[in-house]
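The structure is given below, and queries will be raised subsequently.
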Amino acid sequence: MRIRPQTLARLVLVPTILLTVIGVYGSILWTVNISFTSSGFLPTGKYVGLDRYYELWGQARWRVAYTNLFVFGGLYIFFCIGAGLLLAIALDQGVRGRSFFQTIFLYPIALSFIVTGLAWRWILNPTTGLEAYVRGLGYEGFSFGWLSDPDMAIFTLVIAGVWHSAGLMMVIIFAGLQSIDGEIWRAGRVDGISRFHMYRGVVLPMLFPVFVTCLVLLAMNVVRSYDLVVAMTGGGPGYSTDVPAKYIVDHLFDRANIGRASAGATMLLLTVMAIIALSTYLGRKETRR
Amino acid sequence: MKIAVTRLTAALLGSAIAVPALAEEVEVVHWLTAGAESAAIQVLVDGVEARGTTWIDLATPGGGSDARALFSSRLAGGDPVGALFMSIGPEAIELGEQGVVRDVEGFAQENDLIASVPDFALDIARGSDGELFALPVALETQNFMWYSLPAFEAAGIEPATTWQGLIDAAPALKEAGIIPLAMGAQGWQIDILFTAVIASVAGPEKYLAIYRDRDADAAASDDVLEAFRIMRALSELQDEGSSNRAWNDTLNLVAQDKAAVQVMGSWAGAELASMGETYGTDWGCALAGGGGAIVGSTGFAFPVLSENEGGQNDFILTLMDPAVQTAFSVQKGSIPARTDASTEGLSECAVVAAESVAAGNGMPNVSAVLNPDSRGQINDMMANFWSNPSMSPEDAAKTFASLIGG
Amino acid sequence: MKDQNAIAMAAIYAFLAIAAAFFAIPLIIMLLTSFKTAEEVREGSIFFLPESWSLAAWGKAWGEACIGRVCEGIGGNFWNSVLITVLATSISLLLASLNGFALAQWRLRMSGPILGMLLIGAFIPYQIMIYPLVRLFATGGMHQTLGAIVTVHVLFGLPILTLIFRNFYIGLPEELIKAARVDGAGFFQIYGMIIVPMSVNVFLVAAILSITGVWNDYLLGLIFAGPNFQPMTVSLQNLVGTQMGLPEYNVNMAATILTALPPLAVYLLSGKYFVRGVTAGAVKG
């Protein structure tokens, strides 16, 4: 007997759907459930309603971590796309050695965030890195101690993150630029529109879907940002560079508080869902207009 | 090789076909890895293997969190390990009350293993019905000041062992290009410094009232405020690179005479020795700020097993063997948990700590009396205070009191 | 006009050169450090050239450095990483391309919601799924097996890879499939004879993303792989994270670069095709 192709098309989806429903959604349900219990080291606690959530939001450390998600996330996404865009436009001007430059901009994406964090921690460490070097050159007044300044340390994470991911953005945006019809450029030239205005007024709006892709890829890194923080600042100085993922993992194992870790995870989940819902809504509105 | 192939096949089949055990074995989770600690673990390995049990090493050099992750994932997987290294405290009791780790009281009594262990080191591992959920191998002092003699010499002053002495010595040290206080600004390291300060300022009784009894009045006393004032002054003595610096990197500053003093546990002394530095000419030690010794009880908890309990028993017998305990502490710079174990070969600093404990000035460390979560919240707050000059000692003392009392 | 252009081009080259320096310096520093002696690292600045170039750190990192009580370097787990990466990547690519094809070209009623369900899963930090997944594998008797580590990698890799394939396939003309079906070709025939050959570039992009993702993973390997299949990154973190003894930064850096070499090589060797694949529409809105 021959199975209809449509049926086969459905069947090939089954393993993925099963895997996702059980692995991802099952795990989420389990986590949400645990967030209502008093569980400590082991997930065996009694139900305590919303207590863990009150505890969570009562903690300064969680509030800092939650805020950092937006501070780090916003800056990381902005600068990754910004740097990617500038590099892509520069490479689009018919420069020589394009693939050489592309390779250099792109290679950090092959490195893990752990490696990225270690390398940048070294460079930015005031006593062994850049600051000491520049002072050694004779500029005694030079100071670049962001890594040990609680107000500035979060920006060191942004620097390292942008270093890691901007290259991929460059490639994606560059691909978008290449796909734009030469006719459009010619038409622009005929009308005497400057290159700058062409980019701003015509080309970039056409690349809107490309930027959405960039945004999605980067946002995934932000929500999962754990390795980079651990390798680079360990969440410090103090807990000034803590992020939700680190808070959750710390409490899961080190602090032996699965209940509150799960409450944090649930909050993170709700946040992600809210952002997805909002962007879907805005996206619809955009297309309707 | 054959076993490896069998395991590979079993793994590829995705099933849990147990590879038949040839002899008793014990799987040990610990994070005593390089350097002196590794030598101490080797003492246990040799002892266990001399009893005919195979030691399967599950070291997590990343430290306690990795070890807990490994331990609880093995537990959740229904395949618990044989022994879990820990700083004994409420964690052991929680695991015990959940029925996850063995009550070793009976086994220990039968084999006469714990008669000479100080009560406090056992009490911190006892459940509500007197069960014993962990056994100590060594007592570790955590409030030593390790000082570089050449560093003080370079500044032309005597080594300072009091807080005020160190603060006063700072200008001279800085003048000589020396970092007065070597600090690794991570939560736990800051907390080690803070408990050292508070133990010396408030004394053992108040220390116990605060941490063990969680007495809100004691936690809100002027001594605590004074301790935070000292902490603020000390925080100005560190160098710029302290942020998130591992303790061994930090100790290296003392070893190289770039920094004058580090406050760290007894394990640092063993490291200094293994770095080839000589006690008395290169470095010295003192109980920090002149307080009593704050001791942690280092030992193991033993998960309830369905097989290989013989291997676990061999491990316990080895762990509590007085000769093994002495050899372990000689390597690690600690004190044997059994007071009837020989003290021969212990380091000069360990003897200082042992005397303090014997004189009744010993105090349990924070992880012995506070659960990981309370400890963690205090660590967070401490780390924030240390790195954030805009937080006043008054505010910090208030927050501290509410964390203790709450 | 011409002068103005020349100035503009010079500015562009200057900008690119500065950017290239920013991107290259960390790797250069890591390389320089790995060729120094431990002594030199502690004494000198990280920006200096090694006084005498030494390969000792590399040999030590690969075969002699002590991790815990075992002094065999990080080389031993190289093949574990290879095994995990090859298995996870091939399974993910097969599933993701089939999924993408099914979702893009067969007008399935639920294709939108299914894709949405997959993608939301990609935004969940996987740290929060660790504990329940461990219990799940334990129930199935798979805990800490090769099967478990490969499964979690496939699970976490699928959403984005499926999206990549689906976005490419949706751009293919429907007539192509229709014509093939008129000729009597079945689902797998169309997939094998038409779709796969047309999407070599996309496979390449997806493979590169998957290889780097799986190879660079640390946390999942630590929890799910168990001692028998421990990947290289776990040994690296264990080596670098050791809190005892004098830190040997040169060895750490050599070990770091050794661990990073395979994905780096993949990028350097296939970077051109990667860019080409992305341009062909592998990653787009």
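Letters A, B and C mark the chains in the order given here, with residues in each chain numbered from 1 onward.
Just so we're on the same page, a residue touches a chain if its C-beta (ideal position, glycine included) is under 8 Å from a C-beta of that chain, and two chains touch if they have at least 3 such contacts.
Quick caveat, the model's predicted, so the values are computed rather than measured.
Student: So that we know how the chains sit together, what is the shape of their touch graph: line, ring, star, complete or other?
Tutor: complete
Student: Tally the contacting C-beta pairs at the A-C interface and at the A-B interface, and name the larger one.
Tutor: A-C
Student: Counting only Cα atoms for the centres, state how far chain A is from chain B in Å.
Tutor: 36
Student: Please report how many Å separate the Cα centroid of chain A from that of chain C, as a whole number.
Tutor: 16
Student: Where does chain B touch two or more other chains at once, residue-wise?
Tutor: 66, 69, 72, in rising order.
Student: Scan chain A for residues touching two or more other chains and write them down.
Tutor: 128, 249, 252
Student: Spell out, as numbers or ranges, the residues of chain C touching 2 or more other chains.
Tutor: Residue numbers touching two or more other chains: 130-131, 237.
Student: If we count contacts the way the header does, which residues on chain C are in touch with chain A in the complex?
Tutor: Contacts found on chain C: 8-9, 12-13, 15-16, 19-20, 22-27, 29-30, 45-47, 95, 98-99, 101-103, 105-106, 108, 114, 117-118, 120-133, 136, 151-152, 154-155, 158-160, 162, 181, 186-188, 190, 212, 216-219, 233, 236-237, 240, 252, 256, 259-260, 263-264, 266-268, 271-272, 274-275, 278-279, 281, 283-285.
Student: Contact residues on chain C for chain B in the complex?
Tutor: For this pair, the touching residues of chain C are 42, 66-70, 130-131, 134-135, 137-138, 140-148, 222-223, 227-229, 237-239, 241-247.
Student: Across the complex, what residues on chain B touch chain A?
Tutor: Going by the criterion above, the answer is residues 64-66, 68-69, 72, 75, 91, 94-95, 98, 100, 185-187, 239-244, 371-373, 376-377, 380-381, 383-388.
Student: In the complex of these two chains, what residues of chain A are touching chain C?
Tutor: Chain A reaches chain C through residues 2, 5-6, 8-10, 12-13, 15-17, 19-28, 30-31, 43, 83, 86-87, 90-91, 93, 95, 99, 101-116, 118-120, 122-123, 128-129, 132-133, 136, 163, 167, 171-172, 174-176, 178-179, 208-213, 217, 219-220, 223-224, 226-227, 244-245, 248-249, 252, 258, 261-262, 265, 268-269, 272-273, 276.
Student: In the complex, go through chain B and note every residue touching chain C.
Tutor: That would be residues 4, 7-8, 10-12, 14-16, 33-38, 41-42, 45, 57-63, 66, 69-70, 72-74, 76-79, 246-249, 252, 256, 271, 274-275 of chain B.
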